[in-house]
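The structure appears right after this line, and notes come after that.
Labels for the chains are A, B and C, by order of writing; each one numbers its residues from 1.
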Amino acid sequence: MPLHPDRLFPVEVDARGIARRLFADVENLPIISPHGHTDPLWYAHDETFSDPASLFVKPDHYIFRMLYSQGVKLEDLGVPRQDGGPVETDGRKIWRLFAKHWYLFRGTPSRLWFEHALETIFGITERLSEINADELYDRIAERLSDPSMRPRALYKQFGIEAISTTDAATDDLAAHDTILASGWQGRVVPAYRPDAVIDASRPGFRDNVEKLIGLAGASLDYAGYLEAHRNRRAYFKARGATSTDHGHPNARTANLSADEAAALFERVLKADVSSGDADLFRAQMLTEMARMSIDDGLVMQIHPGSFRNHNPNLFAQFGVDKGADIPRSTGYVEELKPLLDAFGNDPRLTLILFTLDETSYSRELAPLAGHYPALRLGPAWWFYDSPEGMRRFRELTTETAGFYNTVGFNDDTRAYLSIPARHDMARRVDCAFLARLVADHRLDEDEAHEIAHDLSYRLAKEAYRL
Amino acid sequence: MPLHPDRLFPVEVDARGIARRLFADVENLPIISPHGHTDPLWYAHDETFSDPASLFVKPDHYIFRMLYSQGVKLEDLGVPRQDGGPVETDGRKIWRLFAKHWYLFRGTPSRLWFEHALETIFGITERLSEINADELYDRIAERLSDPSMRPRALYKQFGIEAISTTDAATDDLAAHDTILASGWQGRVVPAYRPDAVIDASRPGFRDNVEKLIGLAGASLDYAGYLEAHRNRRAYFKARGATSTDHGHPNARTANLSADEAAALFERVLKADVSSGDADLFRAQMLTEMARMSIDDGLVMQIHPGSFRNHNPNLFAQFGVDKGADIPRSTGYVEELKPLLDAFGNDPRLTLILFTLDETSYSRELAPLAGHYPALRLGPAWWFYDSPEGMRRFRELTTETAGFYNTVGFNDDTRAYLSIPARHDMARRVDCAFLARLVADHRLDEDEAHEIAHDLSYRLAKEAYRL
Amino acid sequence: MPLHPDRLFPVEVDARGIARRLFADVENLPIISPHGHTDPLWYAHDETFSDPASLFVKPDHYIFRMLYSQGVKLEDLGVPRQDGGPVETDGRKIWRLFAKHWYLFRGTPSRLWFEHALETIFGITERLSEINADELYDRIAERLSDPSMRPRALYKQFGIEAISTTDAATDDLAAHDTILASGWQGRVVPAYRPDAVIDASRPGFRDNVEKLIGLAGASLDYAGYLEAHRNRRAYFKARGATSTDHGHPNARTANLSADEAAALFERVLKADVSSGDADLFRAQMLTEMARMSIDDGLVMQIHPGSFRNHNPNLFAQFGVDKGADIPRSTGYVEELKPLLDAFGNDPRLTLILFTLDETSYSRELAPLAGHYPALRLGPAWWFYDSPEGMRRFRELTTETAGFYNTVGFNDDTRAYLSIPARHDMARRVDCAFLARLVADHRLDEDEAHEIAHDLSYRLAKEAYRL
């Protein structure tokens, strides 16, 4: 069925009317996408995407995790095996399997994103099913070959004003250089993601550190290591980066003395690093990153609380990012204190916090962000990038932190075609939330219009200094 | 006042209309009750129930806990004392005390269950009060003597298709044998609940273990103990069991080597078992139970997180199940990992998880169930078997796990007369939730009809292999 | 814009109509304010308040924490420095800065409280802005000099029937004596808050203990210390106190032997008290306070879970209560057990529990209060004294604990002019909640009227024995 113009709005007629008016104002604002995982090569090479299965199924862990949970094998969905062993390569077969299980996504955001993309990009308004799977496959495949479906054309069609990729600290950013050199008007900026050179519990940590230091021509000691970070951050900044991003198992920070930190660095470089030392080093480096952000102005993001690769059998067969990352209880009050004691009152720092533990919204994050000048709250993240998740985020944070300690929306996606759908959803849910506040007279409608604009556009642009 | 046909539906007229249409489809579906605590002797002997107080007050910890919290003595409600000391025996006096405090249940599910039973079973539409207490007592008492009020007749009247009891591992299931031998067409199956032979911190543990092993004719060592479990599971299965159930203080699992497990078994049999060993043994046995489930096909249920008998004075006087069991914070991510590492990817296993910690719905349980093929989510449980509790369950799990990693409703009750009320409530709340998704255009109405049917009937039947 | 008569009511027309009818019944009930932080000197001396900034900005941590979070300096808001250094003293300048940032409070309860006070006390219906800042300042300032704006006149205008202050255990309650001696008919009672003589981790603890013991003429040992508490409680009670209040970092209780407790007392008096001993002593003293409450009838309140003065730099400059108190995860099940084992079944004790951790509402607090005769639940507190916070409180506690294990509303405020606004908000939100239960037929409207009255007036009066 065609997308309904009132989707995600309040059902009650007065509130719905308010939501409609608010949304009409922001529906067509440009997209600021300050945090995401699209591939910079797409914009650099501007090549057409391949078949529908490669576009919608194989790379989307939201999709295949759900199918897997119901007994579908990842091999049958064409997800590559680590050992290079055989997996399904026939896109049409994969698509049919997906279509057969499409009902599993009822009530999920994936459903809404997919159908938004189908209709707005491919002109398809039928609901996917086993019956029409082949027909839709053909229609999508045909359309994919059109020049208007290339990344740069889509960037324009989507109304993107700026988009950030996420890039390893040791990345040479060649794709970004290509984009910059191409003369194309799109704005694709990198973000500095140093997890692989900060998390000593990851495989290849020492190699990554040596590579980082080598790139900077620094010495293999703690001073050289910090120097290398500063050097790489400058390298990223020169290519448009405005932010760093830190995906840690928890939100712990530390503020060791220089001697302690240097000794810790020596210890974590060793093969038999303890989990305690690895944890402490991650904690220390968040504080160091904050210190550097004050100097170079890069906005800092912390994404804590995921137990990565919870399923060892699946990890051994298929590697990372296969839908087996599970949130866990995450504290912020004690954990962030060392960093905040050092820099929390410094308005030059913008530290954006995310969470996978919704209990922290009202208990910890909103009170912290409603006090510390350096703190802002990132939008509902990952599993909570959804209508109910976004609603809970606003209900649980606004009364304590207000709207202006939040930073608007980011889509955090590697699914390029879902970007307009995700921003559309976020704008609708925010307008619906605002409409309820107007409808029960907590807010005046003229203010709600201003807030809707801020949440849809201005706050993201300003918070991320884009 | 008579039950309103729109109770628990959305108030807004369009959404209410959708809910009405959805509910009309499922209202009269048969009841699948795959987890509960009714007494198999009821079905075996088919005797009439006694007086109203014995039916509605004395055995229902939802009822007397609330009265107790407001200063009513359990003795005055006829709750039996452990020492056999005097308690009120006059059903009418107990009923009057209950009626006097009936206002305490405003806003609680007990209120809704009770009034549903009063109207649909006894034809009473007045609200209970001190004034009409005697009259209602008489009307109920009179009706109770009618043959149509016997357990088997009610089974038919309630539209039950299958119901599971919960039975100790050492139970001889004589009542179930009687039912099977009687030629009655009702389907009453046992469930294997081995807590008393798994939890070494309970009084009588060693005796229970010896009894278990004796029943199986096995040896008093770990191999014999496991053999005895397999033997008893087969005994239960032969009498219709399709599931096991495990009520543990937490969700911890373990996967020790055979030698470690055998040594642990020797330690927990001793009188001075440490709480650490008892905890580890419970953890180990969950993994063993999963292993056996893969072999014999019994569906596994874990009900963790209750601090049982929190009130020692009350426990000494009145024993277990007196409303003093208090939920506590319960983690699943680390706790279930040993079991999931072993069997989480095995589609032959169905492991149904429950929780008393609603924070785990969106943070842990939905992401786990939305990934592991072996996992499913049980419905909102115990304190959350309520309109708001069920609504939160759907709001917090659906976007990540979908509807199809849940298993429909179970009533989990020992209050036979409340069974239709509980299923009615669950179907209404689910239809209300679906109606909201349809009303704001997240779901099409034809899909909602299918989901409503699945949640009311099909999923429970399939998940529990009934 | 003028306050809307339907503010905070359900938007749907039928539910709104019910809410209107419920609220009409309770809108003008007297205010019972059994817990708060107004200054008894106000009522004793009955002097006019000073300028608008001193009234609305400088003393209100809800206000300046939000401004501070967005980079406004506390000095510029006239917040006094610990070192007596210069801060802004021009009320008009402070007011302008406040007005300029007024938009930050959109969606917060502060917005609603402020506008309620502006309209009902000052007759101002315009929205504060930079443009009208001076004009509103002048209108408020002019009105403040009117005799009708003195504390006692406002007490009457607000419809207060009784109000409690919160007072240190060593306070001489001179202001309360002045009030009592004055013949004024207002009822202003003290509450016994012994944190400073119980929490050994606070600066000046030993001095405070010595002062307490000195006031009672008792001996400097544990027996004398307990005697001093009893003495001071009697002193408070003689001046109208009906309650004690305990603000602890957590909800831990203990029940040591007399010897253990006496030895612990000796240890905590020493300068190098360990944090473990300080914690245990706080825990022990909660149980002692409960024991004393059973004797003297003072209602006991526990407010746990705030990490006080989280921001050390700000604390050094500006001291306590500057918006840097952050909630943290708080458990009750194990923590309260020693106290409850001793006194939980004693109906002579009323122990009112508060929380800053909303996850405990449904998981721990409602089950505990729905069982133990001694327990009641305090209303949504601090950050949750807000429309969404109060709604969540009811949604998460009512189904398990009912309405009658809660104690109505308390405003907990030091902002005198916000008291009517806060009670207005609480009554509206409760009526809105009840209206929803009536609208979807979980409750009859006549019952809802009775409950609304109970929540607005009777329960607070009875629970606090006022």
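Following the convention adopted for this analysis, a contact is a pair of C-beta atoms (placed from the backbone, for glycine too) under 8 Å apart; a residue touches a chain by one contact, two chains touch by 3 or more.
Bear in mind that the values here come from a model prediction, so they are computed numbers and not experimental data.
Subunit A and subunit B touch with mostly distinct residues; of the residue numbers seen at this interface, under half occur in both copies. Seen as a C-alpha superposition, subunit B sits on subunit C after a turn of 120°, to the nearest 5.
The mean-CA centres of subunit A and subunit B are about 40 angstrom from one another, to the nearest whole unit.
Across the assembly, subunit C contributes 10, 12, 359 as residues in contact with two or more other chains. Per the touch definition, subunit C reaches subunit A in the complex via residues 1, 3-4, 6-12, 65-66, 68-71, 103-109, 111-112, 127, 307, 310-314, 323-329, 356-359, 383-384, 386-389.
Within the complex formed with subunit A, the residues of subunit B that make contact are 10, 12, 14-15, 331, 333-334, 337, 340-341, 344-345, 347, 359, 362-364, 366-373, 375, 395-396, 398-405, 436-437, 439-444, 447, 450-451.
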